[in-house]
Each structure stands twice: as C-alpha cells, then as structure tokens.
C-alpha cells in the first residue's frame, strides 16, 4: 500500500472526527448501505482530488465499500486535515497522498501518484486532476469523471468549448442539491467560521465587503448580514448586481468599497479581484480573506511588493505593513513597535497602515476552519457517489462532454435528506397533477 | 373608437396615478423614448390581456408611441383599476374592455373584443387570451405573443407538449429580470400589502403559512418573516421543501399547517391546495388569501358548502361561519351575534368558528391592494416591450414554440435599471476575462 | 346627547370595522368582561383625547360598560376615522367631537367640548388635553389621567420638572407591554403600511432613512430592513447611534443621509429634524414621511418657501417642485409638464427636482393607513383601562406626579395576551426560585 | 513576584494574541493613555477575578499603567487561556493565579491568592471573589468593587436585600454600553462560534432552542436566526416570552422544546433549566450547550446517572449514551459500535440515543472558543476601568450598596466608541433642545 501523509500518529484523532462527520451524513449513509450490498465499483480504480477533510473521508469509504480501490490527493495545498489523512490510510486502507501546507511541486507530484493507479473514474474539486491529464502525454484515459466546483466547471466548459475535452465529466456542482445548498449555506457559514477562528473579530457593526454575488457570495452576504454586518457587494454582472441591490445590500465599485471596508471576502472565481489600486485605498487594520477556489483573487504578489514588513501575528493571519496611509493615519515607526502603549496619531514623513490576509489567500473556510459542515457535504457527496455509479453503468454511451447530474438523482438526494430530517411533505393529488398538465382551465 | 369601461368620470384620478407610475419606470421610459423615434410597430395591431393597472397603462402607451394600435382587456375579473381604464380611453386613446368585478361571461366577451382587432402580437398574463384563440375556430393567427406569468407558461408548455401550439410565444416570465424580481420582490411586498389593507392585522407573532416555495412563495415568505411572522412553508417538491428548511422555515404537510396557521397564502399555480380537509382543522379567525394566478387554489366551493353563514365584514373580506370547532371553541350562536359583548367559551351542541377569505380568493395583491410596485413592473414590462419588438422583427423565422427572452434583452434591462438607480458597477478587466476563458491555470 | 362628527350615515361601515377590531383585542375583552360586572367607573365622567380609530372605539366601549359617561375628541387633526366616530355616537352612545382634517381651531374647540363634561379621569395621546387644562383658567381639576405616547410623557415630565403638574398622570407609554410592543411592532408595521398605501413604492433596494432610533425608530428600521431596504439611521444620542451600528445599519449625519435617501421617516419627538439645509441636498423624487407624534419633525414651512410649485398628486401625497437640483438633474419646465413623454436630462438655467411629502407630515400610519393593528392596541389599551381603574381606586393617595404603570398590571397584560394566543410557558420551579434569591452558590 | 500558571513557555503566543486584542480595543486604549499620565491607582492594590483572556489582559495592563499592583485569578475553571496567563506574568509583571481546567479546590485557592494582596478594589465576573470575602472571616475589607455579569449582579442584590453587603459595588453589567452590547452582540456571536468550533455543525435548517430571552438569550436567538436556524425560545417571564413571540420565534414549554430541538443553549442564570424530564424526550444526536455564567443550567448530574456510557468524541464534546429512545430509534449495541457501517433502525429491547454536551456545560463561548470579541469587551472594560477610577476617587462617600455605572461614564464610552469607528453623529440644535424641554407646544 502506498501513501504520503504527515504523521501516522494522528490517526486516532482523525478516526473520531470521521465518525463524527459520518453521523451527520445520513443520505450518504443510505447510499453506502446500498453500495455495500451491490458493489457497483467492483474491480474499479477511482482517483479523487478533493479537500482531504472528514466529509471526503466518508465519501472515500463509501466508494471503497462499493468495491473500488480508492486513491486520494488534495485539491488545495492548505486544506488537508492531516489527522484525517492518517486515519484513512491506517484505519481504512485508502491510499492518500496529501500533506497540509505542501508546496506546489509536491501538490502536483501527489496528483501524479493518484494517476499512477490509472483510475477509471476521477473526482475533481477545481479540475486540477483532470487538467493534469489533459496537459500530460495521454497514456490512458478514464471512463469518466465528476467535478465538484463552479470554478472547475468553468475550466471544463472552456476545455469543451475548445473541443479538447478528452472524456465525459458530470458537473456535480450544477446539481440543485449541490450548488443551492453547499455553495450557499455551506460556504456562507464556513466562511464566517474561518474568519472568526482566525480573528475572533466582532462582525456586528463592521462594513463587510463581499466580492461576487454567485451562490457562494450570496451565502456569505446572507450570513454576514445575519451576524450584524453592514454588507457591501461588488459585482460585474448587472443581473447579480441588481439582485444584490434588491436584497438590501449596497452595491459599489471595488474602489469605493476598498475605502470603507473592515472585512473583505472574495468569491468570484476570477483573478486579481482585489489588487494594488485597492490596497492603497484601504483603512488601517482591514482584513482580507478569500472563499473562491484558487488563491488568485487577492493579488498577493503586488501586496508583497507594497509591504514594508510582513509577519504572522496569529496562526494563518499575516500582517502586511504598508506605507500608504489609512484611517486613522499612523506613523510607521509606531506600527512597527510591538507594545501595548498607545499608538500616537501624528503626522510623520512615513505614515502607514496594517492589512491582514487570512490563510494566505486560500479558501478561508478550509485554511482557518474545517470546511463545509458534514450536513451539506452529505448532499454534495451523495450526488458524487451516485454520479460515479452513473458513470460506471453508462460510460460507454457518454460523449466527451460536460453533463449535468441526472434530475432523478438530484430529486432523490433531496427526498432522502428530508426523510433523514424527519420532515414529511405532501404529494400532489391526482386532481392537482391533472390540472398542471392541462392548458384549458383558465379564469 | 371602441371601449367598455366602468365610468369615464374616473379618468382624472387615473391620469394622475398613471403619471405617478410612469415616473417610477425609468427603464421602460428609455425604451419608450427610442420607440417613439423608431416606431417599430408602425401599422401593427397589438392586443393585450393584462391586469389593467397603472403600470400596464404605461406599457400600453409605450406600445402606442411605437406606432401600434393597442387594445386591452383584463387578465383577471377583480384586478382592473377602473380609473386607469377610463384615463387610457379618454386621455390616451387606447381601446380598453375591462370593468372591475365583471362576471366570467363579460370577462371572455372582453377578450373577444380585443381579438376582434386581429392583433399581430398578443400579450398575455395567465394565457387566457392565447388559450381563447386556441379554443375557438381559427379565422386568423397572430404572428407571435408574449406571456407574463409562471402559470401561463405552464399552460403554454402543456399546449406545446401536445404539439398544438399555433404560434410562437416568448415566455417573458422566464427572463431573469422578470421572475427573479417581479415574482419575488414584487409579489412578496404586494401580497403583504394586500393582506394589510384588507385586515390591518399585526403580522408580527402570527403563524404565517405559505403554500408553494417557488419565486412568488419565496418572496412572500421572506417578507412575512421580515414582518415578524413565524413562517411555515408547505411544498410538494422535495428540492423546494429542503430549500425552505435551510432558509430557517418550518416545513409541514398542509394538514399540520392547517391546524396552527393564523394567515394562509397560496402561491402554487395548482388547484385545491387548501380544501375541506384543511378548513375543518383550522383555528377560529384564520385568514386565507391567494397570490397564485387563478382563484382555484383555495377550494371555495367546498368552503361555501361547509358554511352555516357567509357575509362581507369589510371590503373584500368574507367571513365564513362554519360548524367545525377551532381554537378557542365557541358556541355558534355567540358567533352569529354582532355585538361587542364577550364571546363566552362554553360547550354547546353547536360549536363553530370563523374563517376569513380575502378578495374572493383572487390575487390578493390586486384585489385588495394595487398590485406590484411600478419599480418592478418597470423591468417586467421593459422585457415585454422589447420582446414584442423582437417578434415584430423576427416573426417570420420563429417556430411554433415557447421561447425564452433573448439573453441580450435580459442583460440590457438589468444594466439600464442599475443606471437609472445611479449604481455603478465595475467591468471585468482584460486579465479577468482571459482568466475566465482559460482552463490551464490551476493551483 | 352632544357630538360633532362628519356624517352619521357612515356609522354602518364603522360598526363593522369596530367589530373587526374588537375580535382582535382579546385582552381588552377580558377586561371589559370583568368591568361590565364590577362597574368600577359607575357615575364617573371620563374624557379621552385619542386617535379616533376602531381600537379606540373598543377602549371607549370598555370604559362605558364599566359605568362611565365617556366623551372623546381627536388627538390629531388627520387621524380620525369618520365612520368610527359615527358608529360610536349612533350605535353606542359615546359623545364624540372629531372630524378628519379639521383645522386647529376646531381641534381645540373639540378638546374644550370634552372638558365641558368635567371628566374625573382624562386619557391623552400627546398631552394636548392635559396641557389645555394647564393653560386655561382652572375651574376644576380631574382626579388623574393617563398618557399614551413618548412625546406626551416628555411634555408631562417637563411640566413636572417645572413643579407645575396639577394632577397625577400614569405614563402608560412606559409600560413594557406598551412601548416594547406598540412603539416597535405597531409603529414599525403601520409606518411601512402607510407609505405603501400612499405610494405603492417598492421598498426593496431603496435607501431608507430613519431619523431617531428609539422604540418607534427601531421598529421602523427593522420593518424597512425586513422589506428589503438599505436602511440608514440618523441619531443624536451616542448610545442609540452605537446600537444602530451594531444592528448592521449605516449611521450618518442628517446631511449625508439627505443626499442619498429615497425614503425618509422621522420618529424623534423633536422639531425640524429635516429642514431646508437637507431638502436642498435631496435626490429627485425623494419621499418624506413622519411617524412622530406632531407634524413638526419635517420643517414644512421652509419647504413651502423653497417650492416653485406644490400640488397633490395622489391622495395624501403632496409634490413640492423645488429649484435646487437633485439626481438626475432635470429642467424645471420638464418637471412641470404632466405627460408621459420622456424627461430630458439636459442642463438649463432652471434645474429642479420633486420632493413628496406624505400625509401633510402628520403621523403617516394614521394619515395614510389605519394606524396600529388591533393586536398591539389590545395591550396598550388594556393598560389604559386598568390604569384608569387604578386611578379610580387610588386617586386620593396619588401625588401630583408622573407615575409608571404598576408592574403587576404590566405582567398581567402580558400573561393574558399569551393565553389569548394559546401559548403556554413554564413557571419557575421551587428550586429555581430559591437559587435566584441566593448569593451563596457559586462555582 | 507570585503566580500559579500552566506553562511559562506559552508566553510568546500569548503576547501576540494580547497585542491583537489590544489593537481592537480603541476606547480602552484612550483610557489607558490618560491613566498612564494621571496614575489614578498609584499605590493601590487591585484584585480581579475575571476570565483570563486576551481582553482581560488588556484591562489588567490598563490598571497597571495607572499605577496599581494587579493580581488576577480566573472567574471560571474552564475559561483561562494559558498562553495569556503566561505572557501577563513574564512579559508584563501581573500576578496571575489561574490554570485552565483547574479543579474547584484550586479555583478557590487562587481566589485566596488574590485576596492575600488585600486589594482596595475588586473586580468580579460572577461574584465569586466578593462572595468569598463575605463567607470568610473578615480580616479586611476592600474600598469598593465592580461586577461584570447579570448573574453576579443578581447575587449581589440578594446580598444587599439581606442587608449583608459589606462594601460598595458598581454593577458594570447594568451600563447600557455593557449589557446592551456585550450580552447581546458579544454573547450572540461567541456562542455560535463556540458551537461551530466544537461541532462544525450546519446551523441552517436546525431547530435551535434558546432557554432564556434576556439580553444574552436575545443575542443568541438573533444570531442563530441569522445563521438560518429555526429558533424556539423557552421563557418563564411572560413579558420576555411575548417579546420572543413578536420577534417571530416559536415560544414553547421546555418539554415541548425538548422533543424537537437539534441544538439547545441555556442563558437564564438559573439552575436545572434542562433536566432529566427533558433529556428523556430528546432526539438522537441532540447537542446541549450553556452560555449562562455557571455550569448549573444543564443538570449534568442527572444526565450522568441516565447515561449507559459517556466518552469524549471531540475536544470539549462529551457523548452521553442513554437508554431512552430518540428519533430515529436505534439499538444501543449499534450506538456503541465505532464504525462507519450503517446504523440499522430496528427494534431491540435496548433502544437508545446519543446526547452531546459541549464544554462540560460551562460557558460555551469560553470553553470552546475565545470568548467575546475584543471589540465588545472594549466597551465593557472601559466601563470597568472608569468605574474603578470612580471608586478610587469616591470610595469614602459610597454606601454599602449596589450602584449603577454613572450615566456620564456610559455616554462617554459610547461617544468614544463611535469616534474610534469614525462615525459622526449630529448634535441637537438649540431649537431642538428647547423644544424637548417645553410642554407648551402641541398640535
């Protein structure tokens, strides 16, 4: 058995935490129960590039109980929970290649390790595994794959548009029971959670700037508002901007937002959303975090260049001391001092301010907290497991395209979740069904 | 010039109110401005079956300034604002056939009046005009039409599915700038408004039951919650039910909801959502209203049968006195009395309770208030006007199908609305556009 | 029997509406039930200066059933519901002196009519009756009185402070079951209701400025936010300003707020809160309303002077056309025109804008809607009735001071309300009571 | 120098975290700045029994810079941050006696250590220090003291009522800038924070039961609602119960709540709020936490007795396996197993369920997270520091009573906070001041 993990001694804590997550994933449990009897992946190799968290562990075990050989690498250098990785290897026999805070080279080496098992089915979160396959010399091709995120789906559709997609992918992200819940309620809660664990800052009364009003951004804005913040939304799409206005938020250009924000969170899927022209406008002690998939939304390179000094002031909180003044305007030499004496607000030739970046600009919910709660991953990963089963059964009929999750799977996941929550809903009556399919009854 | 309206003397008040609405519809104003120069409907007849409100008046005038002969009838027997109808005829030369509280026979006679002008383009709100065309002997066919509502689109897709749709229809309802805004923010606000005007009831602290969690239902639930209610949602679709749960609402079966609700609102597009088995479970003084398109969602026929007595206690508030007891349980003879003496809570052989139905079970926002605010109809009707223009220019290429609003129109409407609200948003930078269309940049 | 009302023929509609309110006032009903047996006011004259609404009618009848001769005048020239006044006189034998839109002279003449009955107990809403007594030559003095509002209590405490209060007053406003509920949930809902009935404006997406963050202001802000507005608060008290910030609102100076608001509501109890320096900064089409007791919060005199033209565009909506430009900047001559043609945005020598004042700057919930819902007045007026009883029983022991409502009354009202809503709460256990009164049990 | 702490090597991390907190406490910084010049506590001994957190550290340093000798012990056995204790001793020379998870005996020994310095001024959080003084033989008495919490104030008022209070206490808790902010926004946020760090549970869609609707309970309910929960409130006071109803929450008896809750939080200040009769009704996997001062609100003794098995499943999460069945009903032997296999739902003779208690039933925000954010403690502790100064200056005039914070201090703290947040508010104009003090201007 192969693996590359941080520390095998962490497995005990990992096992407990996996159990905790498992107990909060009833839909996936029902799927696992059936899979363990039907063994739909018997003899197959499945390779997954996902955040190595407790919930992913439960998915991996589900695939294994279904008969697959499962190998797993990280989909982000900073999201691995090392105790979970250890438990997966030593308690459950999953081949894991993933170490928290690994460098980029190791990150891609681990992807190659997973590919060395020639998986028939790939699972991706951000499309790094599938794009690695597309970039290297093709020695083999999987039957099909799944993709978990908005960002990954955008990348794959770009590939598809260029006519270069080499094997079929199911866009799990596009399932209603995924993006309506995971991206909104999951990212919403866990982003605030990550900020609080990193800073313990009072959200109430802050100006909280959310960049991007897709499902993730909507979730973050909703929870920031629910925490008492005054939320500002930055958007480039007029439809989403208008929706944010109607939801009661201020919508501003990034420059105007930069000058007033206390906390900034990016969730756009795009690059350099907050950049030099914005850093120099910010207030002293502004906090910057990212909830988009890649660490490119905050332009850290130009922030590094601006900085006079940079240091870690708390775990996963980096302070950048920069010259451009904020409010209140403080002398640089005061800001350099590390004491509790009062910072004098007086003009000197070198005024400066402090900006704080959380989790190195990577997904703040995974870098500074534990990622999405098990209860939402339950649905996302039930979709994943059932989509993998769909590929295993239908791969020979699928074209090299990006597919949606079959609607029946989506509905089924929702129904099982309600059942697990002990919530009964009515069915349509015969009369009601008939009425809906008729066009003749009017006023 | 032909018309059939209530009272020409109401025109003065109507004119003022149309002006008020017009001043709150800046996007439609920009469209009207261009149309008045380009005259895209020169020589055409346009027939509209819409709620005859101030906002519809502004749309009708926009079509007229664009060169069309416009005729208008009501899309609901109880939604016509008679002063608006009068002003349209006498101040603006629109041929209107519509009288508030007209009976069903007159309602359909008025539809025939509009069809007598052989409109090349039809506008519908609920599909009564287009279905009339489909039911009668075809002497002529329009070039194309538009449909405003979820309900109408469902009917038209049923027609399309049967292969019987006779001319192309653009589903304006499906535009983002329509259903995301009109159905949610419009219906949300105006439904609460209708209930308040009819009852002046404190919403805070009530158990408020919303049947249906589509865009209308979501809007109603959101505003009821925002008014301090404890909201219960009834749904048959597991996806929507689950979304309601995650939004913090209680989701119950209709029977369980019936027993605890203070106020009930239906917005499902389906029939007999609240029926005999539910009425008998309700509490004394429960209030029932409908915000779905047709007056079929509350089964008034069976309520009539249940009732010992029925009377109008306030304008558009009908009291049904029924035998089945509620909480508190009161003797029927006490409930019949019309005094201010204390209602004694004592067991007699004839216990009873009172249920109140608003606006005869018709759209409560139009029956008891003024319908959607002009600010949302601004977008819906800009979509209507631009879709009509699209038909006028492309009718010879369109198949007999239900079409979506072209995305460019949708985006344009949103952009114009933001501009009118003086809200600036950023554009994507070159670097950002490039990033979004690339699949190669990963971790 | 004496009276001065608008039209006796309105009594039928009034009676129905009083009955409707009565059915929603269960606590007052329980009080009325007891009073009708015990007759605590037998032989007494009670004079009330209150908003003549359906709820006040139920209070007046309660006092009458308790044995009193009741006379009633208005506490605001614009809040009388003429149908209610008619029914009170002709159906129930209450002596009413009150006509909607009466002038100030008549207003005070009606107060004198009530005083002509030499009431032993007075009820006030804004302290106009009690201050009239204090200003005129004292020919007699009541035993005691009650006051309903924050504004009235402020006036009475000023009197008390000057040592000139002539008879004891119970500040009903200060009861928890009054100001926590009536001022917050009542004013919150009915203020939005008044604005909607007057304007049918979409609240969602507007910048909604609330001046004053007392209990009324908090309620208005809460409901505006719940309606989708972006709420701005203006305060002069740092404690309240800070609370508004922590509640997620923007807190701005009046000048900054003036420049960005779409809707303004005052609820401060003070004078000239919005004045010339603010009007000139406002945007075109801004809407101004007042929810404070007196019509002095918006400085209408200076607005009148600023105006080039003034007209009523809808019932209780006055348009002021003023020269100072707003956004967008429009030529005055365009704004004067009453057509639907496009308003051209071009610079001319006479740029102008339109401001809209609702209900002549008087209480917008009473001028444009029906005032507080019966459900909250139920508690306020139960406090009133029980406080009157307290005066009748204890007047000879009371000093000439402003008193609080006895706590037992307050608790009782809350308990009865919960019971009427069928909500059970636990009592403290013996162990819990003991624990609370002990200081010895620590860590 | 004396001290008793966990580990001096933790001081480096503690120092950084204290600096972080200090940077978020601008009001206290202004106070510290003045104190360091004026030295109001020169030569005095100050003894504090507070949660040993970063914010308390900043307060201790403020008192020290003002000239005092400061000694500090914990006000809760589980709230000490050992790194902060170490830094206070070795970087700042404060005498600290406090170790996280110390037993009760050590806890009281540490209080005695502080008292050995014979402090002239005492600071308390829960009144354990002051009650220790009252219980032991009095060898000396402090000049005065302060108390931070609702619970402590209740204990002290009980002492005062018995006529046994030995020295004057200022109830800092009762300052508006304390309880309105700290108890509501602080406890609200940090309670959710504690639950998330312990469980990573999705709050959205849960039934979240809040016991107690005082300022803490209101804050918790508000934030739980803002996190998407369906909130249920349990109260014994009819006024607070009614307020909860009007705020849109369900109000239930504890028994009814017990049967449906997913998460329970107590914040009542009373004992045995959740007890055996409630545990047996709960659902499988229910989570219990406490945010009241003492660990008596959840009756852990009777839960211990009920339990078949008890283990720690995550840090500060204790699982109690009990026989009484919940939903779904599961065989005990399945629940004992620690695997990921599906838990079969079948009837056996020994059905059971799991309950989870967070942080041993102690303050969940301190046991499982970092306590209140610095931004709210800024105000609470500015009140503390200024109240201590008030005692130092006025102790000889103060009676042995429980005093409120002088209003001037309260107002000043609010004003400084607004200034620190860069928020300008208007002052009353002369005309407005005059109007407020006049009773003569009416309608």
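Letters A, B, C and D mark the chains as written, and numbering starts fresh at 1 in each.
One rule holds in what follows: contacts are C-beta pairs under 8 Å (C-beta built on N, C-alpha and C of every residue); 3 or more make two chains touch, one makes a residue touch a chain.
Given the structure is predicted, the values throughout are model-derived calculations rather than measurements.
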Between B-C and B-D, the pair joined by more C-beta contacts: B-C
Same-residue or different-residue interface between chain C and chain D, half as cut-off: same
Centroid comparison with chain A (C-alpha atoms), farthest chain: C
Inter-copy rotation, chain A to chain B, in degrees (Cα atoms; steps of 5): 180
Where chain C and chain D are represented by their mean Cα positions, the distance between them in whole Å: 39
Inter-chain centre distance, chain B versus chain D - centres from mean C-alpha coordinates, in Å: 50
Chain centre separation in whole Å, for chain C relative to chain B (CA means): 33
Multi-partner residues of chain B (at least 2 other chains): 185, 204-205, 225, 228, 245-246, 421
Residues on chain B engaged by chain C in the complex (per definition of touch): 15-20, 22-24, 29-30, 32-33, 36, 58, 61, 185-186, 188-189, 193, 196-197, 199-205, 222-223, 225-228, 285, 313-314, 317, 327-328, 338-343, 369-370, 373-376, 421-422
Residues of chain A touching chain C in the complex: 204-205, 225, 228-231, 245-250
Residues on chain A engaged by chain B in the complex (per definition of touch): 75-77, 104, 107-108, 126-128, 131-132, 134-135, 154-156, 158-159, 162, 176-177, 180-181, 184-185, 234-236, 238-239, 241-243, 245-246, 251-254, 269-273, 294, 296, 410-411, 414-415, 417-418, 421, 423-429, 431-432, 435-443
